[in-house]
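Labels A, B, C, D, E and F are assigned to the chains in the order they are written; within every chain, residues are numbered from 1.
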Amino acid sequence: MKLLIINPNSDESMTQAILSSATRFSRNNFDVSCLSTPGAPPFIDTYQDIAAAMPGMAELLHKHEADYDGFIVACHCDPNLDLMKESTDKPMVGIGEASMKIATMLGHRFSVISTDERSVPNKEALIRSYHLQDLAASVRSPAPAWADESEHNQYLLTARAAVDEDMAEVIVLGCAGMTGLDKRLESELGVPVLDGVVCALIIASGLVKYQTSTSKIRRYR
Amino acid sequence: MKLLIINPNSDESMTQAILSSATRFSRNNFDVSCLSTPGAPPFIDTYQDIAAAMPGMAELLHKHEADYDGFIVACHCDPNLDLMKESTDKPMVGIGEASMKIATMLGHRFSVISTDERSVPNKEALIRSYHLQDLAASVRSPAPAWADESEHNQYLLTARAAVDEDMAEVIVLGCAGMTGLDKRLESELGVPVLDGVVCALIIASGLVKYQTSTSKIRRYR
Amino acid sequence: MKLLIINPNSDESMTQAILSSATRFSRNNFDVSCLSTPGAPPFIDTYQDIAAAMPGMAELLHKHEADYDGFIVACHCDPNLDLMKESTDKPMVGIGEASMKIATMLGHRFSVISTDERSVPNKEALIRSYHLQDLAASVRSPAPAWADESEHNQYLLTARAAVDEDMAEVIVLGCAGMTGLDKRLESELGVPVLDGVVCALIIASGLVKYQTSTSKIRRYR
Amino acid sequence: MKLLIINPNSDESMTQAILSSATRFSRNNFDVSCLSTPGAPPFIDTYQDIAAAMPGMAELLHKHEADYDGFIVACHCDPNLDLMKESTDKPMVGIGEASMKIATMLGHRFSVISTDERSVPNKEALIRSYHLQDLAASVRSPAPAWADESEHNQYLLTARAAVDEDMAEVIVLGCAGMTGLDKRLESELGVPVLDGVVCALIIASGLVKYQTSTSKIRRYR
Amino acid sequence: MKLLIINPNSDESMTQAILSSATRFSRNNFDVSCLSTPGAPPFIDTYQDIAAAMPGMAELLHKHEADYDGFIVACHCDPNLDLMKESTDKPMVGIGEASMKIATMLGHRFSVISTDERSVPNKEALIRSYHLQDLAASVRSPAPAWADESEHNQYLLTARAAVDEDMAEVIVLGCAGMTGLDKRLESELGVPVLDGVVCALIIASGLVKYQTSTSKIRRYR
Amino acid sequence: MKLLIINPNSDESMTQAILSSATRFSRNNFDVSCLSTPGAPPFIDTYQDIAAAMPGMAELLHKHEADYDGFIVACHCDPNLDLMKESTDKPMVGIGEASMKIATMLGHRFSVISTDERSVPNKEALIRSYHLQDLAASVRSPAPAWADESEHNQYLLTARAAVDEDMAEVIVLGCAGMTGLDKRLESELGVPVLDGVVCALIIASGLVKYQTSTSKIRRYR
């Protein structure tokens, strides 16, 4: 089995970090590649970023569709995911969708840790589009008061506030760029911390093995 | 990796059918066993059946917890699943929860095919407990008028009505006893048909591999 | 009319307290008894406690069904209530369900006062299972900072925070063990405070008098 | 204990029918009176009818508030109920609210039988205002094709369609004018059939006995 | 085109303020009048105030229906709006409904600024009756601690808290008496601030020009 | 005031039809233009169509932003509307959003008439993204059995089924290509029929006149 992870941005170091997490998880069960999106911005934050990433994502899919058994979109806002699901008969999994839906199986409510306050409403809209709003405790970004802390500490404080104040029982890392932070945060927090890249690999590899995929009868025909 | 599937009823032939589907899916990726529940009724339909299965399910878990890496409850009404999640630190997955949540990743709305009308409200209550009610097109059981058809045809007609009249895009087999019907129905219907046993294996094996499990901070402590 | 209150735990002093509240309310309108559940744990908190109480609750119902006109389950998490409703044709009322639904008739939103933080998500899940989530202001337990206060004061402070900060207009006592605290808290808070035991007696005695009971057509057949 | 039932319309024969049902239920537990509303229209159907009934309802309450312990508004659309709750410190119960909330304790979903199609959306809006929309199977009025049937048969056919096609498990009589039809329909249908007048008496007499009433802290101050 | 704004209270100075805002907006596109409601209380806060305003509102409509092309109810709790929509075939717009629905087109979530805490639950009930509860960040009234601030500052602080703490992106002025505060607050806050009077004029004048109006088939017949 | 309507497809005849409806409505109140989208497909149906229209829509906005006071996206699936709102400080209105939200002010529930069954789930997803799902009676497309009827009759039969069977009280034309059908259908059906182009003009011209626009604080910054 061969899976392709599409990093919707053009940041090669993030692509390498994603690939590193992915290969650590896949071990020798399946092959996995990760590609940056040509022409995409270095970071996906706004609707304009999503639009700018679109042509390159479509191009990557078109070029590599025959060579892989399944695909992953590795940005936690699941940019252009409806389009990508529609554009192939093979399994197409978003790291936002996969991680938040797996989170609902592991505890009462999950919180998403986001990089900045600006993306909070967009993530809330995404959560609602998946009908998960009543299972989400909160979307949280680091407080401005913590600006002097290390990045790790900022996320730790943010996640701890979600667990203590918002009653979250599971933490979802809300950015592909946070890949690899899961296990250290998990041990510090005492609750599951989910890396979207790994969650998407669980679903995508499972669907490939099960030989099933997106329904093509109406919405994604 | 070793997974144990707990069949909450005492029907040994159903246990064998579940095991057969499970081993066909697992291939050589992981080991899987399936055990009938001692003292349980032959079929789980009512709340009394669920209660009657409880002591045996708890006993199976207690006896085998150390020997397996993850567990599956293989009845589509997810009987005693909250109890089972609370009772172990290892991954515990219900076939109802896993199949319906995976279904939401594959199409606009899913329908559950149930064995009989009596269980429809119970399945609706389960769907709601997972917050999936707006993603479910319907829960359907074979119409009395089809009583002379073969069992396969009854389920086919039921699923087709769900696809055509309720606008379902994915079909979920609503009983562990339907295991193995997925691929033939899928080819006849032209939409994904999900076997809960396989879906639960995807999630359970993924969680074991990811070394994460149920949050133990509050609800399932 | 004879009503039996089943205390799902084995704490005889709680049974006496419940009976005392019940007889104070019933006066000479109907007879009421209360029994502890044999084999049950002393307090119902976890899913394991609920499971451990189940055989004794079923036994109590079986043994006394013919002698009473209606039944009450007197633990605010309504343990095994679906099973109990299914197991008799006579009225079966949970103190959680009765008190929260009556609360919705008395004000804009209600809050449930719970004994400890651990049970908050479980109570939220119960509230949701009754479709009451948008009518509930909050589920609150005493803050750790109040540990030196008397038990009464802890509940008073908790309820006041619910009224002032969460905008609750009605308080529901979230544990049968709080029975009898209602009127003093009510006079201190200035809002209705509901004891689930009394609320369940209102509903159960009313159903018996009305000669109606649980529908036996599908879900509770 | 003395309860006053306010019939919001001016139809004296309906007032007598309501009183007859009420006294049959109350037996010797409490006293109950029923008064027609002066100046109100003979039937409450439109928002104009509700407005026209308002001054008379307020007048009845003002005139009789001191003489009774609790009050019931006996029209299934609960006309001016928020106003009436606000206007007295004593228990004020609507037959729509009481019957639909008790219905939710007796089965999976309830249906309301309405006199005519025009009132269906208004009843749906009422159901939603009580947050009961997901617990209601349907609001149904007799089909035009049944116009030649007796009134009883029309309601029977309507209720049967609700049970069979909409999966209702409990039937709520959606008009005070249907009072007294409950037990015959119940025996014909095999599911509970609730008369709002009786349901409101259960709640109102219970609240009076419990010495609690509407919260006066904010919404109904 | 001639529009009549009905101020449901009897405060002539508020009527003048509303008219002033309305004529500033209408410029020479349409004619607009505003009338106080005879017999109404000076301020609409409680359900009794709404009831007291009803006869005068109905009288105003009856008297002036032929002379105007469309009507506006200018109190943010939309008092008697269902009645008013039912009572005329011409467009009838509430400032609460119009402003909150336009707010949803301008940002992720809106907050309503209310004059006092008592009206918060009533406004929440109104928001829910329009199915807007998931689009509303909060309903907020000035904190008691700000009592020494100017009225303008109190609303500014309230709105700022809604933007910063509740993540509101649009502010809705929750009282016709706040008319005219929109543009100064907008420049101070940096987010859209909506005056219900203007929003209702946008909708009402648009409906008149489009020659469409309330559906008269069932609910408002 | 100058408004630009962006027709997201490249069908010049549809552009002319939209412009014709728009100028008929605008009369001499404001200037309105309509442009086809360069490089877009002739009809917007799939997610690929939406993606293919995106660069041309962005280009149109960029090129003409300075020359117009407000903008309308004239395809009923509101393609790329979040992107367009983010990309300008001036009012940006979608015909889907405007028409469905105005519909909710005119009756109990609305139905959307769609061109074909394939687009039904996509429109349902759109309705949900605006939180309108409980206010929508249905999304309906012409039945295959009506294929021999004229296009007008097919839409008439579809709308009538929505009114009679789904209890719709307002009809929304679910495609910009249906522009101009509103008034004839309205007279045949007896309920309001809304043309999205006109509805968007009401909102956009109102916002321009009110000098307010999309909030730029977070989601659309």
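Assume a residue touches a chain if its C-beta (ideal position, glycine included) is under 8 Å from a C-beta of that chain, and two chains touch if they have at least 3 such contacts.
Everything numeric here is computed off the predicted structure, so don't read it as measured data.
Chains that touch both chain A and chain B are the following: C, F. Common partners of chain C and chain D, by the touch rule above, are B, E. Taking the CA centroid of chain C as reference, the farthest chain centroid is that of F. Ranking A-F and C-E by contacting C-beta pairs places A-F first. Two copies of one sequence, chain D and chain E, touch each other mainly through matching residues, since over half of the numbers at the interface are common to both. Between the CA-based centres of chain B and chain F the separation comes to 42 Å, rounded to the whole angstrom.
For the pair chain B and chain C, the distance between mean C-alpha positions equals 32 Å. Of all residues in chain D, those touching 2 or more other chains are 108, 120-121, 125, 128, 134, 167, 169, 218-220, listed in ascending order.
Applying the touch definition to every pair of chains gives A-B, A-C, A-E, A-F, B-C, B-D, B-F, C-D, C-E, D-E, D-F, E-F. Listing the residues of chain A that touch chain C in their complex gives 108-109, 134, 167, 169. Residues 46-48, 50-51, 54-55, 58, 80, 82-83, 85-87, 117-118, 120-122, 125, 128-129, 218-221 of chain D are the ones touching chain E in the complex. Of all residues in chain E, those touching chain F in their complex are 25, 29, 93, 97-98, 101-102, 104-108, 130-132, 134-135, 163, 167, 169-170, 183, 186, 190-194, 198-199, 201-203, 205-207, 209-220. The touching residues of chain E, counted against chain C in their complex, run 120-121, 124-125, 128, 133.
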